[in-house]
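Okay, so here's the structure we're looking at.
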Amino acid sequence: MTWVANAWYVAGWDHEVDQAPLARTICGVPMMFYRNLDRSVVAMRDACPHRLLPLSLGIREGDSIRCRYHGLKLGADGFAEEMPLKGDPVNRRICVETFAVAEKHRFVWVWVGERAIADPALIPDLWPCSATGWAFEGGYNHVRADYRLMIDNLMDLTHETHVHAGSIGQAELMEVPIDTRVEGDRVLVSRWMPNVDAPPFWRGALKKPGAVDRWQICEFILPSSVIIDVGVAPVGAGATIEEHDQGVRGFVIDSMTPESETSMHYFWGMARNFDLADTGFGKRFKRAQGGVFAEDIVILEAQQRSIEANPDLKLQSYNIDQGGVRARQIIARAIRASAGVRDAAA
Amino acid sequence: MTWVANAWYVAGWDHEVDQAPLARTICGVPMMFYRNLDRSVVAMRDACPHRLLPLSLGIREGDSIRCRYHGLKLGADGFAEEMPLKGDPVNRRICVETFAVAEKHRFVWVWVGERAIADPALIPDLWPCSATGWAFEGGYNHVRADYRLMIDNLMDLTHETHVHAGSIGQAELMEVPIDTRVEGDRVLVSRWMPNVDAPPFWRGALKKPGAVDRWQICEFILPSSVIIDVGVAPVGAGATIEEHDQGVRGFVIDSMTPESETSMHYFWGMARNFDLADTGFGKRFKRAQGGVFAEDIVILEAQQRSIEANPDLKLQSYNIDQGGVRARQIIARAIRASAGVRDAAA
Amino acid sequence: MTWVANAWYVAGWDHEVDQAPLARTICGVPMMFYRNLDRSVVAMRDACPHRLLPLSLGIREGDSIRCRYHGLKLGADGFAEEMPLKGDPVNRRICVETFAVAEKHRFVWVWVGERAIADPALIPDLWPCSATGWAFEGGYNHVRADYRLMIDNLMDLTHETHVHAGSIGQAELMEVPIDTRVEGDRVLVSRWMPNVDAPPFWRGALKKPGAVDRWQICEFILPSSVIIDVGVAPVGAGATIEEHDQGVRGFVIDSMTPESETSMHYFWGMARNFDLADTGFGKRFKRAQGGVFAEDIVILEAQQRSIEANPDLKLQSYNIDQGGVRARQIIARAIRASAGVRDAAA
């Protein structure tokens, strides 16, 4: 297994899950998601316990789902409520596996692992998605690559110069020292650029002339999210690497959910504390950001195919990869720890 | 192996096989079929004994087939008649595997197993396809699903309500008790609905007002056919579950030939004893029936994919599945028996 | 392995390789090819030594290539010249595998095996492609078949009658005895047709009436090329099977490079000593020849699929296959010999 068990993963944006079932394979398990009439979310194995037809093909009735094949009706708790033949007594031992779910920070999260120990307190704190005083735009892509390749990508911003040469890449980014730190299960990669010329995007956001202090701080959060704190502040306004609300600021949010060992669900977005009322800006920005991520996706899918075509070669790590290296070490440690939990339980 | 060896399987409708070779993989073996000038049918392995080019790409000469690659000419008995180079003496030990074939009930049948024990008396008795006094329409579909999923489907008519909600499904069908019986290698699932309102299809066939007695009797026949006896008779006309020729009657014919463990050739049709001269009815009905079966195919292919995506889950059987359960038991017993035949021969 | 190691294979036509990288998998190894500013050719493993992104997606800088992902810059010798981060000291142990290449007879050749023993003297002598006094036209096709099936095909011209019935096939070709000889690592299959009617193609080339002597001599050259010497000369002009420059003559050139065990790169062409100045003839002929080879490709791909679908059947060899049989024996011997080289080295 290349992913951490006993962890929360993003199943979808909250607006993706509604009355009609949404089918999505999470960490190798076919699941389906829908909302009850009270808007609470249900997650089930996407296979009828009777003859395994995907329940996502079924028909919703109240908070229940009725299989499209023989009509077995299952409640939101996964237990049988009505047998295929109406007269038949309901066998309440018949049930489909359900999964613990939670809604937080605009996402629907699903617990992968032992349901008994699912703890909402462990949901990754992607607070910028839903903080007041911040505007947010986000999107989704299916990517045919190991989710860890995206973590490598996001924890190293030097690739911007090459992959995003046509969009956000800038040679200056390469000339600033990078600081990599591990704090418990978090990895932080920081770049502080004092007294630089603001690039067009940030100049437009700041709406002021003059040199700026600029920062990029990438944070890895178990099991598979990255938040990138970015922005600029006028020189002399007092911004530091620790504290920098003096100018304009954004948080790029990325959460990668393994689908299989070679594919992922990629949820991305950006929170900003500027141009809050300008919905046109949000739409334009989302389109631009989608374009930037599309550049990454082309690269990552080519990398995945190359890994498979060159089984004798291994990924190598250089200085710039320290962020990804540390994040993968923390993932590997968490995989071993959760295997230990299983062994202790057995 | 998921299918019975030493048995006859449908290779095609009789009108599908003609002068030009028809390629079809039967029970995992690539075969090709054509007709001699006297209309008798030839079945061969679809690979030239020389360099394995499919013989179905070859050119017919009289009753023989000439390989498209080097021109090896094989007779209808499979033995070489002419070498690639004209002067070369014919090596009569060169031959392609041939298969026992038979034509019966509008079908071309092929024997899968030891040719020496092929016995035409064992051809499944799908008599309604070719009985005088009955009209018949049928069709063919390739289905990406284990052939036993179609047997399950046909031996349980409760799925009509859900899968065929838009076509032939009716809630009343669910409220009548079902009788399941095993007679030797046959399984019979019967439903007798006395004194009911005729549904539109049967009302139109009967061309009389008033309540009817209605029946549905599904019969499984080794190795993989199902006949469904359906119809209605006016109340009081004397129809019983055993004898019911007082009204209008049809036989739905289904024969499933395994292509691989996860795909099948599906031959379906219906014989009727009403509207015999109305060819327009036949055409309309065939189109409607094709539509109904298309609904089943969508379900079965989704079920097959789900079985593969959920390897930790197993098909479960409830009351309604007794017909399919019994049919699968008879198939499993026949597979064991034919393995015994092989062991005894060895 | 189905191919000979420690041998030169065609990587591409010389005009296919230029400044922009060309990606091509050779004998199972993803490679990429480009030209330096001085037009010399570079061959590298198509995977950046850093994170394995295909280098063929990279950007050329002088004679070097810069990876599209993080910007690692590699010289034409495969060694790192610049790290992803500009300030980082260059680690000169970082390198990508490079391959020995050579240009000869209009082809770019790559050495597959131990680079230390790559010897340009071993390049197959496909001299007709580049001889003065000869015009040449050629093409390329990707073929989903074991490269040895094409060698079988080319070393036996009896298939012309059947596969190329619509183009160059002629029944007369079948009536002449064939001579098969082995000379060291070469196999020669010859057919001498004295005093025959010239077929339309050769009549047009000769531009003279009257009977001709005609020849076809197929030569297999390790590891995987075939040259076919074809032509006609007026009867009485003195042409013999050994010496025949009295009329019009062509050399059909075929070189097959394994991509995988079931696919190949197919390079084909024809040199001629007539109509040299007629470029229109060359173009028409190339199109016609491409059409003839397309007929072979359809057959070979069907043959490959049939081999996989009939794992219990084996290719059989008759008299006409002696050329291919001998060529395969020489290939098998060379595979064993090169395994011996490896064992001795170890």
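Order of writing sets the labels: A, B and C. Residues in every chain begin at 1.
The working rule: contacts are C-beta pairs under 8 Å (C-beta built on N, C-alpha and C of every residue); 3 or more make two chains touch, one makes a residue touch a chain.
If you're wondering where the values come from, they're calculated on a predicted model, not measured in any experiment.
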item	value
Rotation in the CA alignment of chain B with chain C, degrees, nearest 5	120
Type of chain A:chain C copy interface by residue overlap (half), same or different	different
Where chain A and chain C are represented by their mean Cα positions, the distance between them in whole Å	49
Touching two or more other chains - residue numbers and ranges from chain A	none
Complex interface listing, chain A residues touching chain C	152, 156, 158-159, 161-163, 174-175, 178, 299, 302-303, 305-307, 309-310, 313, 315-316, 318-321
Chain B residues touching chain C - in the complex, by the definition given at the top	25, 30, 45-47, 49-54, 57, 59, 66-71, 83-88, 91, 94
